[in-house]
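Right after this note come the structures.
Across the two complexes that follow, chain A remains constant while its partner is chain B and subsequently chain C.
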Partner chain A sequence: MSAKSKAPKSPLMRESIGDMLFPYLMIVPAFLLFMVFTIYPFAFGFYVSFHKWDGLTAMKWLGLRNYINVVTDPEFWAAMKHTVIYALCVTIVKNIIAVILALFLARDHLPGRTLFRTATYLPVTLSYVVIGVLWKWIFNPTFGLLNPFMRAIGLGNYIVGWLSDERIALYSVIFVDIWKWIGFHMVMYLAGLTSISKDYYEAAAIDGASGWQRFRHITVPQLNSTIFTNILMSMSGAFTANYAIVNMMTGGGPNGSTEVAATLIVKTGLKYINLGKANAMTFVLFLFTFAMGMFQLKTISHDENYE
Partner chain B sequence: MKGKQLLALLLAAVMMLGILAGCGGSGNETPAPASTPDSSSEGGEATNDISGKSIILISSARSYDGMDDAYQAACKQFYDETGCEVTTQFNGNFTELIQTFQAAKISGATYDMSSLGSGNLHQAVAKSGMVMDITPLAQQLKGRIVEGGIEQHTIDGHTFGIPFSGVSTMGFFVNRTMLDELGLDLQNGYTYDELKAVADAVKAAKGFTAVVHCGADWWWWPSWFFTTFAQETHNDSINQIEEWLKGNRSMEQEDAINAFNDILKFFQDGIMDADSLQYDGTSVAALFAQQKCLGFFASATNIKNVGDVDFDVDYLTYPVMVEGAIAQSSGGADEGINILTLGDPANVAASAKFIEFMTRPEVNGPIMQLSGNFGYAVKGVDGVESQISDEAFELYTDNTIMYLDWFWAAEHNDAVVKAIQGLVAQEIDGAEAAKRVQDNWQQTVDENDYSYEWWNSDSWSWDAVAMPYEVDLGL
Partner chain C sequence: MVESKKFEVGSLVICYIIMAIVLVLTVYPLLWMIFSSCKTVNEFYSNSWLPPVQWYFGNFITAWTRAKMGVRYLNSLLITGTYLLINIPVSMCASYSFSRLQFKGRKKLYTAMLSGILIPTGVLTLPIYSVMVNFRLINNRIGLAFVYAGMSVAFSTFIMHTFFVSLPKGLEEAATIDGCSRFGAFARVIVPLTKPGIMILLIYNGISNWGEYHLASLVLTTNAKQTVPVGMALFQDNQAIEYTVLFAALTLATVPLVVLYVFCQKAFITGMTAGAVKG
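Let's look at the complex of A and B:
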């Protein structure tokens, strides 16, 4: 045998290279999809945010002008204010009510549990368009169900312009969003509650802990990861996924009182055909949402409670 | 590598190829250059024979039952006559057409024709260079179109579209039977004070607010400003709006402030109330049909929503609010058919002949009359009979000026909408409303270099959107 001829690779080495490559090859389709539908649009949008572009003519470089226009636009900050109010109200109220409902449903031998859980979860399965049309009619001052119901129970004096009063309209939309998603968060909390060992509660009861003490010192810490996930989902969803419900119910009115960042961005990009400014708004919103998420991660998530 | 791993890889590759193929382009040919000297029609022979051609018409989804089928029947008839195949693509809302054009531009799709509203044309599409200047066609077809229709699709003397759909006007639907029962009367030329007296009497007798508006359909709010501004400028509103858009006058002048305050009066005097912010077209039609209001201001096309009612309905002008002014309505021949610069220049003759075909009354009528409108842009196409069709047609021909939102940008329109909604809620007055609209105009100038006369800019060339060759329609 020539000294220069290469020794054949062992079967074991050939199999290792193939096994090493195989998992990477298997994730290529998902990676490609992620690149094409997430990373590329994100990067292209960032690129467009430095240009003036209507999607029909050539792009024109503007540098930071779009971002300056965004941060000096009072309409944008009004929309951000509405978005923050929306996010805070939705997150706090949804999670509190969901926890209460979950605690209620977690009880042993509760009659009608399945029916109640199904009924609470049903709005989650409906689209925002259906929900928006439904509640727009419920709130209708003449044909809607709400006003006659309030009159019937003696609350006629409290009837307001649910979607026509600038001071009320945003909270009406918030109410509908909460109504839609309560069931989803309730189910998540219910799953978390059922995973807590009953031994903790028995030990606490033996030690004389009250119901509130058991909730505060056992339930809440043990639910930490569930609480964090629910709050993160509520917040990020409220910042970015409220376009459909606002658009269906009020279109951002009356007088811009329900205009949120998402509706303003869509309006700026697709109606005013100012794609550059719309993308700049999107990135400002992204930074804001990212900062909120990081803040939650640092303040709410506590690893030591997972033990 | 084991067999199962190879199979898994193969399936992953097939899936990936399938997904990426689905993301691919439209498969349409790359568009030819805009000017093709070889296809010029000296003598016209090159443009007369369009057999074997295939052209595409895109637009928003047709709103009326049977209209898709009617278009298909017309396309088949055109094919039988000329041998040219026309494919229609009707998708989405009329507000989404610009997005369709954006997608077409990015993807390289080749569409030959579109049908566009005059508002879309003026606000965005014309200055994008995507629609062709078809002035030579308009000159040949002018006799087929109602008075003023072509001008509504013309910018700086260049025509971009031929109106071929319904015409619209805004007026006051009123329950004549209710007026008679209460011993009240309103006739065209009535004043605001007469309307207020009637509204007060209706409220006292019936317990409801006399007039409602489909305020949840936010696009109708500016129509109030169109009519009050027309009166406050002594029927010179179009000229004044053009001067404002050019920057030669301010919205914060007395006539505009008074126009906004005129709208506020309706709500301060109880003729209308803020509940109108929540009513859409369906609600308003239901209120009217169930006789829970005296009337509503809306486009005449809303008679179709009202349906068959068992009381008499009249269609009146807006009230006269300024002494000596005429209560003008706003309206126009909205939808026009256009030739796109996106398409193959060799198809321009075919597109032109299809436009001629669609403006024949015997072809146009069976399609457009499905909308149940009182009048149509093509002469010889009769309006559909209804309680208000004669009154609406008279209002359109005698007393209607072009919608002002066909002139100004979408941003300006939204500013007017929001200002009026603030007036409705009685949160602001006319001066504040005018200031907001003026500030918005200034913002569009500062941020977007907005210019009303965009065609005068250095970057615009009329030659770039001119028809590549003459087309003789043989009329």
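Let's look at the complex of A and C:
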């Protein structure tokens, strides 16, 4: 390395043009990628959303007509409703179950915990496609695992069409999403819980605090930032990251009851070959996620100030 | 004292009961998949719960050829490999510059880039598809790898930030005095110190990219170019296949990741939780 650069030792030499440009040169590749594959598509999609376009022939200006079509489309609002239900259920249930599990497992001596942690974390590594197909077969009324199991434990009367009943199917898909991530959030909460100093609990025990009081006044405040990150993590993407799993398990059916925004957008764009309207839907969906994103960015920059 | 001991044992028992239930819920479906893939069709119907009485591996051969797994594995390797080779070095450089160097416009440029995290990938998918249609990039694997790299560069830059910031100040100066160029100081001194961060990017980005389906299913339209998840989705749509073969294909798609996970599970868990807690 010494042969390549003859050590610019004097401060005067160090301020060469190359050195001045160095910080910029380092960010140029990332910035180019970012501009070309994030900002440009975003702008292009926005542009397309004001046009009629099939992807092949020339675009035709439509003004706001795509947007009017979208916001007056009951199918779109049904999909948005499913999307919001999906995002809320997934976020809330994942976190509640994970906290409860972590509270049970966060104790000093629990032989077998590492093995347990390793095993429950396994579904996190699998793709939504594999998980979706697998669970579709578990829910299958003829060959699946679930129905015989329910009969075996005496719950046979509660068997429903897990993926064929319009009222149930969306929640079956939500269940699988929760199943995939539960281990991940549990591990995060465990890490948060085990980092709380034992002194607090000892002091509280001396003061005669009850179990609930200790949970309410020590665990929750100490776990605050962990809870916060977990909720943000499960929420970001819950609005839009469900395309694969819905597509695998139900394809949006039965009768559109599991159609979410992501699947409807693809259907509009590729099946009905209406890229203008599909992009318009995308930007209405974006408005929904934007508010949440702003919230996230605020916390990010807050952390930065903290450092 | 006796009372609290009793309580201790009781709560331990509850702990293990809960652990057992959760363990069965998470692991048994995966075991069921593997068991089913090693059964003959007859046994799948007669013995659907337990491990096969007679292990039968013919399903894997059928699945491998009929699901064209070989080609799809190569495509997935090509795309994920190219993606990581672009994404990681590029975002490392940018993150280093934003975190440790002083220059005009630093804060503004960093904020501009972080704003990219505001656009969820699910929202970006259709606009990106539209762009790729426009530029005739449909079915182009390397093009897709570049797209992936661009889509996640903001996130990766952000994740690496904490690792660069936490290193002591003055490391670069020491290195330049020892004769390193500024880039040399970064590449030879700083980068090796951020190995945990690189691990996180490798694991987190690698896994999520390997399983990516949304965009890949739109862009990769022919068999010869499709990745494992896209191929798997098409394969399960095929009405003519036997369930045992389908499960064999699922197992084939899953096993490499599971093996990787079992061997590096410590890096996986600490990597992903560290990244998450910091992120």
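Quick notes on this one:
The working rule: the second predicted complex is superposed on the first by the 272 of 307 C-alpha atoms of A that agree within 3 Å, B and C clash if a C-alpha of one lies under 4 Å from a C-alpha of the other, contacts with A are read in each partner's own complex, and residues count from 1 in each chain.
Here, a contact is a pair of C-beta atoms (placed from the backbone, for glycine too) under 8 Å apart; a residue touches a chain by one contact, two chains touch by 3 or more.
Predicted model, so just to flag it, every value in this text is computed and none were measured.
After superposition onto chain A, the partners chain B and chain C occupy overlapping space and clash. By the touch criterion stated above, A:G256 is placed in contact with chain B alone, chain C being left untouched. In the superposed model, A:M26 makes contact with both chain B and chain C.
Contact with chain B, but none with chain C, is seen for A:I273 once the two complexes are overlaid on the shared chain. Of the two partner chains placed by superposition, only chain C is touched by A:T289; chain B is not.
Once the two structures are superposed, chain B and chain C can be ranked by residues of chain A touched, with C on top.
In the superposition on chain A, A:M248 makes contact with chain C only, while chain B stays out of contact range. Judged by the touch definition given at the top, the superposed model places A:P141 against chain B, while chain C stays out of reach. When the shared chain is aligned, chain C comes close enough to touch A:I39, but chain B does not. Of the two partner chains placed by superposition, only chain B is touched by A:L163; chain C is not.
Aligning on the C-alpha atoms of chain A brings chain B into conflict with chain C at a single listed stretch, 98-106, out of 44-52, 62-70 or 98-106. Residues 19, 22, 26, 29, 33, 36, 55, 136, 143, 270 of chain A contact both chain B in one complex and chain C in the other. Interface residues of chain C, counted against chain A in their complex, comprise 12, 14-16, 18-19, 22-23, 25-27, 29-30, 32-33, 44-45, 48-49, 86, 90-91, 93-94, 96-98, 101-103, 106, 109, 111, 113-131, 133-134, 146-147, 149-151, 153-154, 157-158, 165, 176-184, 186, 188, 207, 210-214, 217-218, 229, 232-233, 236, 243, 246-247, 250, 253-254, 257-258, 260-262, 265, 268-269, 272-273, 276-277, 279.
Touching chain A in their complex are the following residues of chain B: 1, 5, 8-9, 12, 15-16, 19-20, 23, 95-96, 98-99, 101-102, 105-106, 124-125, 128-130, 215-216, 218, 274-280, 283, 286-287, 292, 409-411, 414, 417-418, 421-422, 424-425, 427, 443, 447-448. Per the touch definition, chain A reaches chain B in the complex via residues 15, 18-19, 22, 25-26, 28-29, 32-33, 36, 52, 54-57, 65, 69, 73, 136, 139-143, 161-166, 251, 253-256, 267, 270-274, 277.
Here chain A touches chain C in the complex through residues 1-2, 4-9, 14, 19, 22-24, 26-27, 29-31, 33-34, 36-42, 44-46, 48, 53, 55, 101, 104-105, 107, 110, 112, 116-130, 133-138, 143, 145, 148, 179, 182-184, 187-188, 191-192, 226, 229-230, 233, 236-237, 239-244, 247-248, 262, 265-266, 269-270, 275, 278-279, 282, 285-286, 289-290, 293-294, 296-297, 300-301, 307, going by the rule given at the top.
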